[in-house]
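Each of the next two complexes has chain A plus one more chain, namely chain B in the first and chain C in the second.
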Partner chain A sequence: MSIIVDHLYYRYDAGTAFEKEALTDINMVINDGEFVGIIGHTGSGKSTLIQHLNGLLKPAAGSIYYNGEDIFDKGYSLKELRRKVGLVFQYPEYQLFESTVINDVKFGPSNLGLSNLEVDLASFDAIKKVGIPDNMIDASPFELSGGEKRKVAIAGILAMKPEVIILDEPTAGLDPKGREDILSILKSLHREMGMTIILVSHSMDEVADVADRLVVMNAGKIVATGAPAEIFKYYDELENIGLSVPQTVYLMNKLKKNGIDVRNGIFNPDDAIREISRVFHI
Partner chain B sequence: MLRDITIGRYYPSGSIIHRLDPRVKLAAAIIYIISLFTYNTVPVFSLATVYLLIVLLLSRVPFLYIVKGLKPVVLLIILTGVMNLFFTGGGNIVFEYMLLKITDEGIEKAIYMMLRLMYLMIGSSLLTYTTTPNELTDGIEKALRPLNRIKVPVHEFALVMSLALRFIPILIEEADKIIKAQASRGGNIEEGSLISRAKAMVSIMIPLFISAIKRASDLAYAMDARCYHGGSGRTRLHPLKYGKRDIFGYLIMLIYFAAIITLGIVI
Partner chain C sequence: MEHEVRNVTATYNVWWYNIMIKALNITFEYIRRDENENVIEIITALDGVDLNVKKGQFISVVGHNGSGKSTLAKHINALLVPGEGTVHVKGMDTKDESNILDIRQSVGMIFQNPDNQIVAGVVEEDVAFGPENMGVPSKELRKRVDESLKTVGMYEYKDSSPDRLSGGQKQLVAIAGVLAMKPECIILDEATAMLDPGGRKDVLEAVKKLNREENITVILITHHMEETIDSDIIFVMKNGRIVLSGTPAEVYKKSDIIRECGLEVPQAVHIAEGLRKRGLRLPEDILTMDELSEAVRTAYNKQT
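And then the complex of A and B:
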């Protein structure tokens, strides 16, 4: 079950001189409870693809099935879909508009026609999940720091209690601390709530750490999909399409080339430290 | 969604019209508009139609694209037609019902008025389809330069205009993004009760205003950082110069206008 993308095509400005094929024959399956990283260079079609997943863009051809139902069918409720599949845009802090943090978070759930109590509960719960302290909930969102604003924006989607959450470059432009915060929020949503998460990014270091599976895109096509360790074997090919693998992979490969017998498939710094300690008996 | 707005958007086809000096195109648009308001006769309007069609074909802008650009003013055109139809006095009455009277003169006037508005719209949008905003403001600045002597800040006017034009696509893109982001939170300006629609509208307008103001202030800083100090003493990378084809363009314009006047007087 969950999301199936079937032979999806999309064109911008169809029928004019600006026409551009943005997505070509996209096929993928995203299973319940999976943490998928979508990786690609700027302009590879990542953002265009995810905007199809909650029905914001209509494909030129192909279909998307959510839990077995075609989301572009006439009778299918896009409003219901957008509740279940939450989409956090790039730089989501620019969409904040309310006078207080809590009111902004409430915007989503109150559009769903829930009772006031349910809206309040869902909103407080979401704010707690992203780690915004209680004394900030009545502050103006415009007074917060960049990282905090982004957390509020993510809470705005979480408050709708989605089953799947899609995030477009959620750490772009944040400092290391803010980035770490966001990634650990995602990790805990995945582990503790069993939420399906789709993380769009152009940084391998970032997704390698959190995703179960990677989908690599280039020029509107999916070029590879698999577990991070699998994907990172092809670091030459990845570099050709403007992507780099995590620094750790380069280090381990260099060690190997120099005749040091380290194991394959290590990409995260903690594992690397352990492996190097093992080899050198430190 | 909003990407469908074509009004005022440049359409790159590299045609002969695109390569004309912007001043020629500006003059042509003005002369064409004046010509539409000279005589209400069949020969004059036929010539105006043919002239417009030829320029349209030469510009290689798809016809459909131009029709799409007319959409926002369709209501205005129809309204003008209806007004003229019912409220023109004189002539023979063709149809009468209570207070409403339609005269043959009214019908004639309504048709001319609707055609005139439509041609005016197509003519002026052809200017923006075939001229980039930068060329256009360069053209205006150069054409109005003599006014500098009577202390009109021509350069500043041109700059303000080019900035405004430059920001239209940026703000459209921004609005498109915010609309989608709020739609992802269930905010929909197209359906639901009046109150929820108004609220969804607010959720789009506020972020849009904030970002517009922020962009304006960023731009001001960026200009300051590059020591921008207005028009005096600035030179251009690509100075505007008339070529053979521009003189030819002016000639065609003159002949067209003379033909319109002659047709109007003689027939």
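And then the complex of A and C:
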């Protein structure tokens, strides 16, 4: 069970004067059960790439294999793929449209040809997973706060029981508490359910905290991939492509330059406190 | 100075010459009604808020989603008027409809979503939209559009189509559009929330420059704490009230209250606090990673 992207190219406005290569020779493997963070600044091709992963965009060249099958083959069911690979767009709360929270969540599974009971079970289960309290399920989605709406939108995807969930900037515009809530939902889906998660973000602090592996994009290309601690060693290179390392990494590098012997690979503020304390023997 | 005071009191009832905004005890409720107009819910968005902003200040308002930040912002340029209490902008009461045009020319607002505030198909036309509707003559209009675009660093894009710009660039165009109306105060209502780090930095630098060089009052509404550390005053909101205010150093010292409000202190403050708790002696006013690394280095050199 894996996603393999093989020499993928994509062009916007192909054949017109505005033709622009948005993705160039993308190669990557996403393994079953991995939590991958895709980072890059606006326009680096992150969103374009993930729209290929469930077949919403067709590449100019190259292939994508899901569990060994080429998803752009004739006869491959993209409908089935989109159930297995759930995509949560940016600002998904704008896509809520039903009269109640529960109906909105049910919309996806009820279009899969399941029985009513199966739809209900899947939907209630999804609502529980994102932590929407029971007394809210009959409310109009428009009465909820921004963070809650977003949870409902994620529940709508979860209710289809996907194997992979891809989220495009799921915490954009949320306050710190809302951000923390969404990230902890993702962490528990990953740890407890073993779901494969692909998180697109431009916040290094955020992906450093949750992802096992990072894929760094710039100008339509993958420029690096590896564990967060490894990626953050390329501090200057990241700055050059408009990404900032987590602030803690910045601090630790600065201390090191000043001759204070702190260890490499620390990007979390609480680890930094422990590490600096170690150096000071306190 | 005396002349200035006399001048304004002639125009308005009360305008202390250097006060941009004075809000006293404002309360605002959103009332939900069913189809029969029966009240089914009252949500108190603002609950007795006082706000005093001097001309030329850089103010930050932080708070969790739904804490009342945006409702407060909408009161400052008379998009909303308070249920109780009063808001005066340069001495003009926002409840008096005859003041509304003057207030909105004095206080420009930038909203969260860059795509919702672009109205024209060409960047310079978009910037011209506001002043043109104010009746600015065309020669002056040309001058203002060019100057505003240059101020935010978007002049080279004046003939571009806005939909080819990044989110950050669109926000800069929106700021230029407000600038072309020659406001005295700009409110950014989570205007950086949808931007990537590069775009956020560009927008923030642009407004800091306006504040510094043109003495434009800035009210920055955000939940990115790092953006607030250069402010003159930070107001922290929770459930429709201002629960904390002061200089960044004063406010971030009270990290417990900040966390209770569903917010986080800047990471440098968090780390400094953790180290102090473990017994490392660091200055109390550390806000940035640069200040923190300097302080740690000093402490390290003392020790060895």
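We take it that the second predicted complex is superposed on the first by the 281 of 282 C-alpha atoms of A that agree within 3 Å, B and C clash if a C-alpha of one lies under 4 Å from a C-alpha of the other, contacts with A are read in each partner's own complex, and residues count from 1 in each chain.
As a convention for this text, contacts are C-beta pairs under 8 Å (C-beta built on N, C-alpha and C of every residue); 3 or more make two chains touch, one makes a residue touch a chain.
Every value quoted in this text rests on a predicted model; they were computed, and no experiment measured them.
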item	value
Touching partner for A:147 - first (chain B), second (chain C), both, neither	second
Contacts of A:76 with chain B and chain C, given as first, second, both or neither	neither
Contacts of A:203 with chain B and chain C, given as first, second, both or neither	second
Which of chain B and chain C A:157 touches, first, second, both or neither	first
Partner chain(s) touched by A:86 [first = chain B, second = chain C, both, neither]	first
Partner with the higher number of touched chain A residues, chain C or chain B	C
Sites on chain A touched by chain B in the complex	12-13, 15-17, 51, 54, 56, 79, 82-83, 86-89, 92, 94-97, 107-108, 111-112, 142, 156-157, 160
Contacting residues of chain A [partner chain C, same complex]	41-43, 145-147, 172-178, 202-203, 205, 242-244, 247-248, 250-251, 254-255, 258-260, 269-270, 272-273, 276-277, 279-280, 282
Contact set on chain B toward chain A in their complex	3, 11-13, 62, 64-65, 177-178, 180-188, 196, 200, 202-203, 206-207, 210-211
Chain A partner contacts - residues on chain C that touch it in the complex	63-66, 112, 166-168, 190, 193-199, 223, 225-226, 262-264, 267-268, 270-271, 274-275, 278-280, 289-290, 292-293, 296-297, 299-300, 303
